[in-house]
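By letter and in written order, the chains are A, B, C and D; residue numbering begins at 1 in each of them.
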Amino acid sequence: MSNTTYTVIFYLFAAITVCSAAFVVFTRNVIYSAFSLLFTFFGVAALYVFLSADFLAVTQVVVYVGGILVLLLFGVMFTNSIMNPGQKSEVIHLFPGFILLVGMIGTMLYTFYTSNGWKATGTTLQGSIVERIGYETMSHYVLPFEMVSILLLAALIGAAFLARFDKREN
Amino acid sequence: MHSLIQLSIVVLLLPLLSFVILIFFNRRLPRRGDFVGVGILGTAFGISAYIFWQVIVQSYDPAFRVAWDFTWINLGNVPGVGPLQIRMGVVIDNLTSIMLAMVTLISLLVHLYSTGYMAGDKNYGRYFAFLGIFTFSMLGIVLSDNLFSIYIFWELVGLSSYLLIGFFFEKESAADAQKKAFLANRVGDIGMWLGILILYSQFHTFSFAEIYAKLAAGEFGLSNAWLTAAGILLFMGCVGKSAQFPLHIWLPDAMEGPTPVSALIHAATMVAAGVYFVARIFVLLTPDALHVIAFIGASTAFMAATIAITQNDIKRVLAYSTVSQLGYMVLGLGVGAYSAALFHLVTHAFFKACLFLGSGAIIHAMHHEQDMRWMGGLRKNMPWTFATFTLATLALAGLPLTSGFLSKDAILAGAIGFAQVEGGGIYYLIPVLGFFSAMLTAFYMGRQIWLVFFGESRTHLKPAETHHAAHHAHDSHDSHTDLHHAEHQVHEVSWNMRAPLVILAALSVFFVYSPDPLDGGKGWFMKMIPTPATVVGQANPQKGSLIAAATATQLAGAVPEAVVGHAAAGELPNAASSHGQATSAHTYSDLRQAEIVHAGHAAHYTAIYISSVMVLLGIGLALVVYVFNIIDPEKTALAIRPLYLFSLNKWYWDEIYQATFIKGSMVLATTLSWFDTHIVDGMVNGVATLVRKFAFFNDSFDRHVVDGAVNFTAFTVNTIGAMLRKLQTGKVQTYIVMLILAVFGYFVFYFTRLIY
Amino acid sequence: MEQLTPIGLNHYLTISAFLLGFGLFAVMTRKNAIVVLMGVELILNAANINFLAFSKYNGGMAGVMFVLFIIVIAAAEAAIALAIVINIFKIFKSVDVSSIDTLKE
Amino acid sequence: MLSLIVFLPIIAGLIILAVPSSQKQIIRIVSLLAALAQGVLAVLIWKGYDPALPGITAGPGGSPLGSFQFVEKIPWITLNLGSFGPLNIEYFIGVDGISITMVILTALVSAIGVLSSWTIQKQVKGYFILYNILAAAMMGCFVSLDFFLFYVFWEIMLLPMYFLIGIWGGPNREYAAIKFFLYTLFGSVFMLLVMIGLYFSVLDPVTGNHTFSLVAMATQSNFIKDAILGPDNVMWRYVAFIVLFIGFAIKVPMFPFHTWLPDAHVEAPTPISVILAGVLLKLGTYGMIRINFPIFPEVFQASLFVIGIFGAINIIYGALCALAQKDLKKMVAYSSISHMGYVLLGLSAGNSEGMVGALYQMFNHGTITAMLFLLVGVIYDRAHTRHIEKFGGLASYMPVYAAFVTVAWFASLGLPGLSGFISEALVFVGAFSSVTTRYIAMVAVLGIVFGAAYLLWSLQRMFLGQRRPDAAYDLVAGEDGHEHIHFHDWKGKIDLDGRELAMLVPLMLITIFLGVYPMPVLGMLTSSINKLVEVLSPVILPQL
């Protein structure tokens, strides 16, 4: 595919990501933000693809969109009566929030564009890296991998324990 | 120690013993212990009479002198001076023995007299105690052999005179009088003390003998002016004590004391002590000092006489006559008639004591009436008193055949001689004043005799209110306040008051002193008390001796005889060789003195004539005025009213002193104490206030600035804390905000560092 | 279209920066706990993007592996967090974070 | 022995501290016993004293103890001040002719004071504790031969005095107490400066260290030549002398610094006035003789005239002020100013007669003024007023009192036969014999007359004549016909009672005896004074 379309598509997805993230943050409707978060995740996944991490992109979609987002929606539904949509959630610290938003972003961009501490070295990842991930996982990162699996287990148990209703309460 | 010394010490201490006994135990003794005083004085008189007999009568030696002294204060080995001691001691010579006898005798008589006069007084015992301490101090003056002890006893007689003048202290007048007497004496004593100091500072000793020896050896380090000053200053002691002008004011007031006291202290002995003292220091008086003394004496004699003629209080007349007679003595000393002056001292002591005691008898009989205007006609009621009083009056007036005539005449003769020697001029003023005073004396004594004893009783003429005032004045201390309402029955006094009068009157007759009723120089006294040799004559040539050198012709006669010194011990010298007699005692170291004595004897008869005439004149005047009433005193008084008032008010001396010294010192005192409390203390307080002000300022500074800073810190911390507390909301997001703020801040900081 | 600059590291960094900023903003300002969680997810995604971007342009697999683990942990985290949120809701009858200030005491 | 006599009152104070304050009688008796024991010790010391030894400076062979007697010398404070060298302060006490008379006087007066304190009713315990501290401090001042020790006692003395005046005093007591305190403190600050200066300029001939020993200071050869107060620093020596002299002159009190005395006396209770006039004033002149003059002899020689002038001013000024007083106690206070003037004059004479006279005057003034204040207290107890004009004719009704007053008054105006006269006479003899002060003496003699004037005048106004209409007492007709005197709210004996006689008679006997035969006191003085005059004699006057 040509360089130009490549660039255009990148910008498209970048715009989707940023705009949806902004919508997530700035909308007052929890449901809306939840849904726009979906788009953000998609955008990010797409960017992963651009970053030649297709496997991760898939994982992103599966885990985030399939798991986390659903969880969030459940949470929303648990905590807010679904019958009245369009219910708002108030904000605090709006002013320092904005200051910091602009400030952080400003400083970071300034940093990125002024400091050229990290010039991309010639070697870049090319093509799919699935088998390399597998290789790495089983070689270098086997211990973290196990740790993470245990963590997941613990987290699931803990989440289940925390979230369950006990009879006495109702 | 010489036996006479021992006796004299006994004599000295006996009256002290009587004082101690009486002051402590008089209330426990019968009759308040007056017999103790009388008895002790009798013993003392006996002993001193024995001394007199020993020294004068039995074996007379012109140079007789026994002394004994002991170390009173030992100052150790003083750097620059060497061993230094202040010694006390007694000395007995002819003069001393005579004075001893005289003092003890009069004191004894006064004691005896007082048993009658003071009978029934509520402080009867204390009175005798005071008499005792007075006699002790007076004997001390007589006996002491050095200036220091004389000064000590000098003050002590002042004390006893103070106590006795104020004996009736309930009377304000008495209290004033005693204070006045003591202070006036103190003023005199200052001078005397300074004179003593001048001598001591040169010789480091107080003893007469050593001082004279060193003076004669010319060891006096200072100029002659200092020596003259010393003489005059020492004489000031006499001025105070003997009531000489200008310190005479206290003596008349001293008559507030009981009359016997006036007789003893203020007529016979204490006031004469001044003269005695001058006689003691006579040899160191320079001619200049002598001139001053002579003039003061003459003026005193004259002034007192003029005052006496107008006084109405019987005792005041006598007091002023005393002052006047003391003036005579001082005059005599001043003109160099040494022996004459002392002679007059003795004779005057007796007849003036007699006069005072007589007046005391009168006052006693008149129930404390002292104003002569309300007396009169007493000669019938009080014959004894009349006789003795008159005799003593004649002696005082100086009529021949009396003792007073001998002595006064000798003094006046000396004055004439002095005037001649000193070259006349102003110096003739002295004999002139003397003779004039003699006339005045005769006049006022005649006046007194007449007013008191002759004519009719004028008691009823007395204005009532003054009458009662008089009662009030004395009934506080007077025991017999019975007869005041009725007319006074005046009667002769009892024996114990009569005897002294008789004795004293007997001692006022000429033959006691001299076989020749006209010449005291032939008497034993003036022979035995010759003029001592001055110790300053050659050391400082003065005018007198220059003149003496000029008139060498006279001396050509005098001096060789002196050198030959035909000691005419036994044979009575006659007037022709009187100077020989005078010089026979010893050779004069000063020509001037020899000359004065010589001239004095030469002038003897002139003096007799003049004085006799003067005295007769005075008495005649008195007769003319008061007996034959040719001149009416009241009219005369009116005619010369200013003069009369001047004399009546005692030349306004009291007023002058009141206005100048007393008021002055009081004003000074009040001013100074104002200055003290307001200026000096004010400064102190001012400083204190300033410090306080500063302290307050400092305090406020402390409170507002220093302490304020502390409080401010606390406040700031507090507020900041309160502000920060707001941040601790417990809201996680707030914390996050802060966290991120921090991070952001770090970023900013970091990047700004990156830029540069 | 040649003059279009080729996609470089900075582009990704920029996106991640935006995501991070939005995530922080959400965490800071929103009261709804769930939205806060979403903010957290955004931040994580921003981090992931960075990791991947650097690992792509510098070669090496470290970033990739990290991102992998991060995703896993994020899943766990989300599960636990939601459980907690539900418990909070059960206790406070609200998911309003600002009303939960028991830390204050 | 000296330590015992110094600290006996302290022991008594401690005992009193243990006694419950309700037991007033016990407290009084304890302090009386202490005072009497002090008196006994004083007599023993007097007996054991050898008047031949002069004292003043180091003895033969430069032994640091000098020819002092009853010497106790132990190191007290010994610090190493590093660069300043070792600081050694000694507990160094002893007596010579100058101090032993004062020791005896102090013992006597404090015993009298205890007797006179019997009437104190307010806070008896505290009073007697302070009183004993005061007595100890006074005694310590007189015996201490170490400047630092002297200074310590000197300061200790202030505090009890301040409280005794400020608590047990009259209506205006705080003012008087503070005035006294500040004045004396002002003086002692100066003293402190000079003391330190001296410490650094004097070497102990034996140990070679700096020393506070007054005995060492009294010898000029012990001074470091170029030290701050060494013989070379003429100007600083002058300054130090003047400053030190002012410090003591305040205590005397000398003319410009005297105003604290009348206030303090008027406000102080009788026993404190007795102590104040009897002993404390002497500390000023004693300090001059013991410290000021021997340490700076050449300055002393140079300033004779000035001291004499101030003495004469004190004499006459005090007498005139006394003449104007209406308050009897104030009059007596001024009279003691006048009498201390005699002491200054005698010191300024600079010869043995004058100095002996001055010291003897210190002793006599102690006894006589104690008597005066006691007598003032007697009449104040009865009539509750001291206004001279409010009496009159008392002699008729209180004969014994009148007799005592008369003797005391005459002793005060220097009547021969009473001790005051001899000292005044010696002072004048000395002052006149010295060429420097001759004319001053001539002027000062006036003081005799003024003294007589105010004393006799007050005597007349109070005791002679008749009762004044506005008198502070009534006359009631007694059963025996005579009038009797009656004071409002006075229950006790009208005339002197036993306690007052017990206080007055000893003083009076001493006054009379020493007036007739002064040698018992003078004999102790003379050798020391002659030595002192030798020490002071170098008349090489360095020009400022």
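Following the convention adopted for this analysis, contacts are C-beta pairs under 8 Å (C-beta built on N, C-alpha and C of every residue); 3 or more make two chains touch, one makes a residue touch a chain.
What you see is a predicted model; the values in this text were computed from it and never measured.
Chemist: Could you give the fewest steps needed to travel from chain A to chain D through chains in contact?
Modeler: 2
Chemist: Can you tell me which chain lies farthest from chain C, using the average of the Cα atoms as each chain's centre?
Modeler: Farthest from chain C by mean C-alpha position: B.
Chemist: Measure off the straight-line distance from the CA centroid of chain B to the CA centroid of chain D, and report it in whole Å.
Modeler: The separation of the two C-alpha centroids amounts to 35 Å.
Chemist: Determine the centre-to-centre distance between chain B and chain C, using the mean Cα coordinates as centres, and give it in whole Å.
Modeler: Measuring from centre to centre gives 130 Å for this pair.
Chemist: Averaging over Cα atoms per chain, report the distance between chain A and chain C in Å.
Modeler: 6
Chemist: Roughly how far is chain C from chain D, going centre to centre by Cα mean, in whole Å?
Modeler: 98
Chemist: In chain A, which residues are in touch with two or more of the other chains?
Modeler: 92-93, 96-97, 100, 104, in rising order.
Chemist: Could you list which residues of chain B touch at least two other chains?
Modeler: 731, 733, 737, 740
Chemist: Which chain C residues reach two or more other chains?
Modeler: 24, 28-29, 98
Chemist: For each chain, which other chains does it touch, given as pairs?
Modeler: Result for touching pairs of chains: A-B, A-C, B-C, B-D.
Chemist: Please output the residues of chain C touching chain A within their complex, sorted ascending.
Modeler: 1-2, 4, 6-15, 17-26, 28-35, 37-39, 41-42, 45, 48-49, 52-59, 61, 64-65, 67-69, 71-80, 82-87, 89-90, 95-96, 98
Chemist: Using the touch definition from the top, list the residues of chain C that touch chain B in their complex.
Modeler: Touching chain B from chain C are residues 24, 27-29, 36, 97-98, 100-105.
Chemist: If we count contacts the way the header does, which residues on chain D are in touch with chain B in the complex?
Modeler: 179, 182-183, 256, 258-260, 317, 320-321, 323-325, 351-353, 356, 393, 395-396, 410, 415-417, 421-422, 425-426, 428-429, 432-433, 438, 441-442, 445-446, 448-450, 452-453, 456-457, 460, 463-466, 517-519, 522-523, 526-527, 530, 533-534, 537
Chemist: If we count contacts the way the header does, which residues on chain B are in touch with chain A in the complex?
Modeler: Chain B residues touching chain A: 731, 733-734, 737, 740-741, 744, 747-748, 751, 754.
Chemist: Contact residues on chain B for chain C in the complex?
Modeler: Listed in rising order, the residues are 728-733, 736-737, 740.
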